[in-house]
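Two complexes are shown next, each including chain A; its partner changes from chain B in the first to chain C in the second.
Then we have the complex of A and B:
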């Protein structure tokens, strides 16, 4: 009797599954799958709470050397040259905003971009790719969970930096800052998709991710103003979603002055970058998956 | 291959002993790691551009705050106003340290991830040789990085080096490796015990790099961090290396750095080796070698 009931249960599950498969129609996007992946990734992240904590603290240790170097070269006060170049009279306050925003870029590269590589290391990539859901949904699910973690980590970074360095920001501009951040995060998803495609083809995440991460970081105005970069590099910097966000958020959070025209210009610019990166990102990701599957390369290291 | 030949090789393997045998094993491990790295084409590109990519943000930041190639404030702190050379040489050394700490520290973990750790542990070589082999590879890897960055800094950015200091600077690197090996053994212990220990290593190495005078003198650190800095071999390695390459062999400060490094070599290596021996035995006793 027991055996029969187990069989019938298994049969039921099998029948449900097969009816899902027989009625299955390809869709462009599956929200349920995305949310399930996001929840799964968040559950994994919660299992290692120290990881989340450490990512809030580490950026402080990373940007402190730049502040110390600036102090060793220009003295404890912010130099006149820097003020003329950037328009800001406090180097520390200036840098913290840069790091606060760039953490989202870092997350999109290491988190979204490498998501399938982590699945591969855990041995779950091929089962995931056999699931009858669009792969983009899986990637976007990973992106959601990464964004939630990034918000937590950057809030910690801002809190710790404020306490250690005594930096103060204008909180009245929080709404426009949130709007800019939201559009930037959407644009970064497209950027993350592109990196994910590259990693599926080239595999080795440590090298490719480091390369993309270092280059984008180098040309982003995190530690220095855009004016410190050569003109062609400055143009390339504007193609990175975080650049416009860093420049706008600095203005809003440090000066507290909202210039509607420049805000809307930045918002439109970010919107265009988002469309551009989503188009390139989705295209390259799909191409990479197809390329990899045709060569039986998907599970290879 | 006949059965007799195979058995002769097997017997020779078990009879192998002595320093030369361990050196050969370490060399084989270093070559194996090069082969792994070069099987990823992007690794080669990264290896070439990485040293310069790390230096450029420091260069732009320095220019953005100083507005020129000289700093009067730095002159007051360390006796040289040439911040570009000061930062370039200090940060070049960072590449070697990072390669040693991360590359070697995680060598056993990498073997575990690819499923070869237990096989390696059952081979008739000293357990420490596994770590020394990785050190040898990372020394070659990081050392080439230092050469690339310094050559790039001299040719592209006009950094000035004192050629008489090159040989003594290599001596500092040799002394530094001994103390660094002690640190690496400590990292290996943390990894063997905690498995997913990247965050401990990341935190440890980040703090060590923060207190090391790579791109600033320790005088700008808060007093508490200055004490940690003085006890770190990385501090004296960088001071000695940069001192020789900037000032040649005439500086008394450089000799102080060498003296401090010799003392720290003994302390760190003895502690590191003892910790590794104890941890490796403990992990094997617990049967936790292959656990993730």
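Then we have the complex of A and C:
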């Protein structure tokens, strides 16, 4: 076999006619690529006008029946038993925080994986995978756009809820809330990578993501306090990044009291979950991509 | 300076399809050998064609080189970079055009699509924009640059897909059925572009259009059922199946058939008359050698004028038929 390696810059420039290849080096992560993928996704989303409805209105539509049901059962705002169980006296303010946080989980479950599925279905996944872009950048590009959509959704949710239900929060603790949210979102990205891997293998995301979504929804303390869950389920709930975030953010946003120890504990817990989820997520995504390349399934439906 | 830019050695790919009962229980494993020990070396600046029917393994080979499919065995390098060990370098070295108009974003404009993909190849925004505009201009799409691609015709979209493969000016281009489904004008435009504008590129082109392979390729590999059946220049391939050439001549007047038959190299000659014209068919081992002498003789003959002359060679389809027992379009 002939040695064909390109052994000088002159060879490369001659072959290429530009300096592109001479300067090319693979990187572990390409920020620029992730950002342009995110921008592209957002641009595409905006060009489907129905998305505005989904971003803006649907979260409130999903959330309102639960509030109405709770109000019908326990009366406006609270019940004695709820206060005993949760430590909070306003059911609506309590559950809006749950909904606010869970929107990010929902986006990470549906968003990244569905984005890959959409690219696959559109016929654009193969060109993306043929570009010299690290896979993690493709994933994070999709994740960033989902997070921006989630921020929009949750802002709408908070705004509309404030107007309709009159809920009020303490804004002085916004910095620690932002820190907790950031670490939670990073952890959720790992979760999203795992789901994206599953979708690349199993193709049809609906049943799979529905299952993951419903299970995480059920064990997350969105509508009810953690104490309402049976003990083993409560343990499982702590493995989902949103649980620690919901519990901590409720404390900060509703009471306005910052307990440094519990805040740092939650932050460390989320950090550990983030490391765990990223390890599992990236590992499973890499495996899924290899599995798919071995079977020639990458662009298949 | 090393010359070979794509080296393929004994590359094989076997797909396993599993039929399942009750969703999970596998009942039948079927092996499909998409590529069987394919070897091919493509030197710098050459256009090589893979010619074969649907399902012959052309796209699988392209996908292996494009790092989308992992081969079962064998080795392939692109500019010295192994497709398994150095996939990122391989991707950077090449532009790929698949004959699929869906591989661009229909909700983005032509320019936005090209800029987006240019940036994925690490081009700064302004450079990507300039390059996008340059390519759109060359493809006669400048007027449509800001149209969403969903509003463009199939041919225009294919031109954008084609332009995308050229964005980062890669030394190697893989074209997988680039003109499939295009109307003759668009197909001709793309062929002309490949022929005249991409002379310094190393190109691997798959097609099942024989005239396209004949027109564009320096060498052609005839591929069927995952195997390369024959390989060479279009002329060499035709030589392999050429038993004789036939010269078809339309004349005004009537030549001396016995004189034609008596010429050196002539194997047979026949003549038919219609409406004052004569159709003369002469067969010979080498039609091109005979042609000049025959035309001179007819020119000198009294009352005879040559109106049309053609040496009919075997086509690549004839070659394919002889090698595989089937026609490419079967």
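The rule is short, and it goes like this: the second predicted complex is superposed on the first by the 269 of 301 C-alpha atoms of A that agree within 3 Å, B and C clash if a C-alpha of one lies under 4 Å from a C-alpha of the other, contacts with A are read in each partner's own complex, and residues count from 1 in each chain.
The working rule: contacts are C-beta pairs under 8 Å (C-beta built on N, C-alpha and C of every residue); 3 or more make two chains touch, one makes a residue touch a chain.
Please read all numbers here as calculations on a predicted model, not as lab measurements.
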What is the contact status of A:70 with respect to chain B (first) and chain C (second): first, second, both, or neither? first
Which holds for A:210: it touches chain B only (first), chain C only (second), both, or neither? first
Which partner does A:54 reach: the first (chain B), the second (chain C), both, or neither? first
With both complexes superposed on chain A, which partner does A:36 reach: first (chain B), second (chain C), both or neither? second
Please work out whether A:122 is in contact with chain B alone, chain C alone, both, or neither, and reply first, second, both or neither. second
Let me test your reading of the model: by the given contact rule, A:44 touches which partner, first (chain B), second (chain C), both or neither? second
Have a look at where A:130 lands relative to chain B and chain C in the superposition and call it first, second, both or neither. second
A:294 contacts which: chain B (first), chain C (second), both, neither? second
Could you look at A:108 and tell me whether it touches chain B, chain C, both or neither (first, second, both, neither)? neither
Residues on chain A touched by both chain B and chain C 48
Within the complex, which stretch of chain A touches chain C? 1-7, 11, 14-18, 20-21, 24, 26, 30, 32-33, 36-37, 40, 43-44, 47-48, 122-124, 126-134, 290, 293-296, 298-299
For chain A, which residues are in contact with chain B within the complex? 48, 50-51, 54, 57-58, 61-62, 64-66, 68-75, 78-79, 81-82, 85-86, 91, 121, 202-204, 207-208, 210-211, 214-215, 217-218, 223-225, 228-229
Name, in rising order, each residue of chain C that touches chain A in their complex. 1-2, 4-5, 7, 9, 13, 15-16, 34, 41, 44, 60, 63, 66-70, 77, 79-81, 86, 88-89, 91-93, 96, 98, 100, 102-108, 112, 116-117, 119-123, 148, 164, 168-171, 200
Touching chain A in the complex: which residues of chain B? 40-43, 45-46, 49-50, 53-54, 56-58, 60-67, 71, 73-74, 77, 83, 87, 113, 196, 199, 202-203, 206-207, 209-210, 214-217, 219-221
